[in-house]
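When the chains are written out, they are named A, B, C, D and E in that same order, and each has its own residue count from 1.
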Amino acid sequence: MLNGIGYGLMLFLLAAGLTLVFGIMDVMNLAHGSLFMGGAYVAAQVHTSSGSFLAGLLAALAVVLLVALALEALLVRHLYGRDHLAQVLATFGIILVADDAVKMIWGPAPLMASSPTALVEPIEVLPGLPYPSYRLLILGVGLLVALGLYLLVNHTRVGMLVRAGASNRAMAEFMGVRVGRVFSGVFLLGAALAALAGALMGPITAVQVGMGEEILIPALVVLVIGGIGSVRGAFIAALLVGLVDTCGRAFVPMALRAVLPPAAVSDVAPLVAGLAMYALMATVLAFKPAGLFPARG
Amino acid sequence: MSLAQALLDAEGIEAGYGAAVGSGEGASQVLFGIDLSIRAGEVVTLLGRNGMGKSTTIKTLIGALPLHRGRIRFGETTVAAAQAGGPRQALRPDAIARLGVAIVPEGRQCFPNLTVEEHLIAFADTRNDQREAWDLGKLYALFPRLRERKHHMGNQLSGGEQQMLAIARALSTNPRLLILDEATEGLAPVIREEIWKCLRQLKDLGQTILVVDKYIERLLDLADRHLVLERGRVVWQGDSAALRADRSVWQAYLGV
Amino acid sequence: ADPVKVGLALDLSGPFAVGGAEARDAINLAIKLLDNKLGGYPAEFIQADTAGSPDQARQIVQRFVQRDNIDFFTGPVPSNIALAVGPVLFGAKVPYISSNPGPSQYAGEQCNPYFFGLSYQNDTWDEAAGQWASDQKVKSAFLIAPNYPAGRDHLGGFKRTYKGEIVAEVYGKVGQIDYAAELAQIRAAKPAAVFFFLPGAMGINFIKQFVAAGLSKDVRLITGPASAEEDTIAAVGEPILGLYSTSPWSHDLPNAANQKFVSEFRKAYGRYPTFYAAHAYEAIMAMDAAVKDVKGKVDDKEAVLKALKAANFASIKGSFKYGNNQFPIQDYYLRVIEKNKDGVLTNKTLSTPLKSYRDAYYSQCKM
Amino acid sequence: MSATTATTALFQVQGLVKHFGALRATDDVSLAVNAGEIHALIGPNGAGKSTLVNLISGLHAPDAGRITLDGVDLTPLPMHARVRAGLSRCFQITSIFPKVTVLDNLLLAVQSSGGRHPGGSGRGLPRVLHTLLADRARDDALHAQAVSLAERVGLGGRLERLAGTLPHGAQRQLDVALALAAEPKLLLLDEPMAGMGPEDSERMTALIQTLKQDMAILLIEHDMKAVFALADRISVLVYGKVLTSGSVDEIRGNPQVQAVYLGTEDVA
Amino acid sequence: MKLARWLPWVALLLLAVFPLVAPSLGLDFYVGFVRRVLIFALAAAGLNFILGFGGLAALGHCGFLGVGAYTLVALAHSGVHSAWLLWPAALLVAALAAALIGLVALRTRGVYFIMITLAFAQMLYYVAVSLRPYGGDDGYNLVTPTSFGVGLNTLNDSVFYGVVLALFTGAMLLFNRATRSRFGHALMGVRDNETRMRALGFPVGRIQLAAFAIAGGVAGLAGAMLVSHNNFASPSMMHWTQSATLLVMVVIGGVGQRWGGPVGAAVWIGLEEIVKAYTDYWHLPLGVLLVAIVFLAPRGIAGLLQGRARTTRAATSAAAQEGAA
């Protein structure tokens, strides 16, 4: 259970930036994964050479923000008005470029990213149940980000302006909103969240080329299940996916073992594990075609 | 109320759809040199049959369409200016809006992903500290229906409710110039009456208004001055009394 | 005469890019050492990127065979690519000297005179691990691998030689990021050791999370070379200390050929080679020996096959010879990751749990 | 309410209910439209008129109630089947195909129902192949139907214009034309005059008048001039309920209706 | 305008004579290569049909490619080797699969549709991975080549090429007719204004389902031909990145352009082949190209070839596409 929730919060952290840029701003930015990767690489590099985790985190934020700034000014800005397909294609192009660029800079081999020395030892969350302390940090950050995003999007004027700009840019401008500037800001915030997620996730996963695409699909799945544009939906969906995925791996084989011969179990169980997340999404969409919490009527 | 200085001043504006920017030429030029000036506190109407360029004029004024030729000034600021083949300069629509121009556009254009209340908060001018400034309470008092529907999304409203919302949204910015393009379309007669009363009040408070509507009788009571458009040109202008008197204008240009 | 042509299908991008890059570096080193020749005859080496996809690899090999008329082939990292490209090569009578994958199919029923499993048969390192665990009287083991045939094969190899209790056999997702659920199962099962086969990023994730969960104090972690070589060490860092692994090769093997290879490799690239590099290097050396044996007459396929099978080269793995199925009969070593005298994290060979070992499939091969 | 005409009415709605969350947008509405009649539906904004049209046309599913046309129970039918059964509609917000020509708009409409497959290609495979592979541009009969439809609503001279660039009034006319293609028994018009000037309103009024011979019409409109000119009967909807029904004069004189809807506006 | 009309047919003619002259030019290998391009072109044309004309951005199209491929594998495994049985069977099974999946997937719209098609394709992928009799993740080697009867089979390069080219040409003819038929217009109508189409009496669901099944079937056929071409099938051909690549091909070629799919397939695969020969970092130039296409040629390469003539029509469908996506 706890593991499922933990994984869910990790997923939310990954999906958070995407929720902003894709969910709220309605820009399908596949390159989000590349920004995530960038964050992880820079953080790992700086952490290793400076010995300070915080320095790595800050450097990741700074570098990714710079890259995002350039990206926004050169490309993404011109994509706001385009359809999703164009956005998918252009940002897919950016992925291809980013992956090769990272490979040129750091080589194809994964990079070392270690957790901060203070957080190496596991903590006993419950008597007899140690939990990795670094993971706790990630969970905490995930919760904070969720809360922050929810407030920003739903309870601030900025959130309203972004949503207005996303659904009807021209009308928002007629109401005096500097849509371009607001969007740039939100894109940068999304990039910062990607960098944060990358820097934080690095120490528990492999920092390597292609890590961005790996998380992109689960993150999109989370968004879609939750209902695009709904922070609450994304949060609940992340937990749901985390739980279902974990159960699919841990409990389904046990359950199956009770009813099927072992040979069949070893064939079927892994299939279920692989399918779980997608089956969940297909089921949700079959009954609620706009996700659990459709934000746009 | 200064009569000398016009709040909005448009000279010889030409504009249209799809034509190459700056060329002034093109397959679908719609406006052929419109002169229009509105003094502060004045209520002016644009009249004319369907498709004569009323909405196009408004879209050009708010920067939604590029100006091919002419000059538009709002207050002290030159909003747009263009000469044939010469340089063009123009403010972006949002900049124009921030000068104090608010519009109730054709087709309402409510935001589907904002609630009713958010429509009224998001763009509100909170700096304005005039006593008479529009705030949430006053807007709800004007349209009690909106209070009842305040948690509905913009697309979960009836047509008329959307129209009310569009008007309230424009008022929430406390604009210097309020532009209404067919703002009573789709409203029940009683509500229409409310709107006319409200505009009357606004006028009395000194609000400057540019209005397009098909209920000419009401406009005659309300407005100071009228411009009649025919195929992108101003073919008549004058005050209400003059328009009342000149039935030939009604027949030739207003289809009545 | 025409140069000897060698087709190299390398996984330079995609999921196996790390192994692919290692292989390429080693091959380039071998080519340099051999002065662009094989057996003293001019040679041409044609490289292409498979992107890790069997379909693309098949395409590339078709081109090698039809357009370039290659005489030898090597390169791919994963088994599925080996299985995909094999038939094309065998049909065109091009010897394939495998620089890494040793699928059981090619060792058993589908063995082919044109396939040389120079590296190892996939299950053997796990068999070595199982053997060692049994020798060490490790009472219970928890097995984990991703859900795909190779994963099952590898765990099968371990089970073949391991005599203790297997508390659980868990299959995760391919490309899994989070292992919290599996680690919870391990904590609950309290095994004496965990044996895992999780190539690439999965292994890195697993080891990091295993150590972070505090399991490394009580549970011994054992694996094959795929998750215990320099690339993984560099990516995981300190937490990898104490990881046991079995492998048919190690960079500290004392034989002269290996010492030369390792020192040349370090000179050229400034790092220790991995087993991907070692076998790719050896594959080129095997071609070199064969071309020398046939005196450059690579069109005489019979002779080339005979020469390849004779394996007239000094192997960097110490003992090496082919069995009937053209898979090696060789030693398997146990290593542990330690800090060496320079303070560098790297493998240290401890023992040889399996000597002159041959794979489990040779009897199914009718060759 | 429906009792008066229950047996003879062409079209009947009985006990229709629709909730949007807690809101009861349609609250037990019963209504009948006789053949050859223009039945106007008026009421304050948000009374549920468009919702009722959406329920009748099948865009939304009702929570309760029954809809019958010419003896056929439409309630379980999907939207497109209701069109086949003789029910057609326009939209409050103009709904056309803005990016193709007027002609293409109309061709689509007649192809759906009016346009029969030529050559008596019948059913089954030949028909499927015809639908799938025959070049529509060569279908002269279809073309002729589209053109005559355009002339009927007064768009004959604008066949090649992109529909989206038409003036507003013409777009409304096109919307009506699209609905007419199905040759419906009952036509639902949701604010056809919306956004029209006096001239266009009059033209639309005239058009609706001519349609009356061929079909019954349920008309929603806030333009009282048009309503009073056209309607045979008027029902007033308030807060999702039918307040009252009656002739033009009865409604006009009804003080309740004046209070909630008509106000003091003078509509001569 | 004239040029754009004739170009495809000239190209087809050149393609037809290619295997006859290839040996004398020393281009034997490219007969197989072009054949592969044609197979992908076919799949891309199917995707273009639903994407360009139906507004359905399916990001799981290679799932159906895989269904076709594994249908062939399953039949071949049990001893059927005739192309005339295998390929139609693959087409039918894939069309059936598409119809079943479409039944659920077509309930959603826009991005949700993109994602649900992706989900189904991923599920198919995992099913294929777990098909142990057919090699699972390792893939399946087709031992017996697919036969065309009269002693000919897929090992005969130019015969196979001819068959593929003929099928491709036939499919393109059918697609081109379909886009001008009642069905095609209805499909575009649904793309542009779905509610209005319902209100006009069109059974929108059935129209989309039919289109989806047709495209799925064509993908299945392409998948089966690909297996015959490679003599090999593996789950990796249905991975989502493959589907994305197919989508990329269509967009590069030109969404909703008659020849958009094939042009895109040819350009993308061709470029991949060329760029790879020069650099290991071949993703980068392709990525740059992709971005450039999106910004400089939003109507794709086929759109560029069409030139400025007939802009109203083309721009209309392109613009309408934007509305639909």
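Here is the rule we use: a contact is a pair of C-beta atoms (placed from the backbone, for glycine too) under 8 Å apart; a residue touches a chain by one contact, two chains touch by 3 or more.
Computed from a predicted structure; not experimentally measured.
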Legend entry - Set of chains whose contacts include both subunit E and subunit C: A
Legend entry - Longest centre-to-centre distance from subunit B, chain (CA-based): C
Inset, instruction - Indicate the whole-number Å distance between the mean C-alpha point of subunit A and the mean C-alpha point of subunit D. - result: 47
Inset, instruction - Please work out the Cα centroid separation of subunit A and subunit B, and write it as a whole number of Å. - result: 44
Inset, instruction - Return the distance between the CA-based centres of subunit C and subunit D, expressed in whole Å. - result: 73
Legend entry - Whole-Å gap separating subunit D and subunit E, where each centre is the average of the chain's CA atoms: 42
Inset, instruction - Would you pick out the residues of subunit B that each touch at least 2 other chains? - result: 156
Inset, instruction - Could you list which residues of subunit C touch at least two other chains? - result: 12-13, 147, 174
Legend entry - Overlap residues in subunit E, where contacts from two or more other chains coincide: 129-130, 132, 282-283, 323
Legend entry - Pairs of chains, among all present, that meet the touch criterion: A-B, A-C, A-E, B-D, C-E, D-E
Legend entry - subunit A to subunit B touching residues, read off their complex: 157, 160-161, 163-164, 166-168, 170-179, 229, 295-297
Legend entry - Contact set on subunit C toward subunit A in their complex: 12-15, 17-18, 20-21, 147, 152, 169-175, 177-178, 180-182, 184-185, 200-202, 204-205, 208-209, 212-214, 231-232, 234-239
Legend entry - Complex contacts: residues of subunit E adjacent to subunit A: 51, 57, 104-105, 107-112, 114-116, 118-120, 122-123, 126-127, 129-130, 132, 240-241, 244, 247-248, 251, 255, 281-284, 286-291, 293-295, 298, 321-325
Legend entry - Of subunit B, residues touching subunit D in the complex: 17, 28, 49-51, 106-107, 145, 149, 156-161, 163-164, 182, 185-193, 214, 254-256
Inset, instruction - Can you check the complex and tell me which residues of subunit E touch subunit D? - result: 174, 177-178, 180-186, 189, 192-193, 195-204, 312, 316-317, 319-320, 323
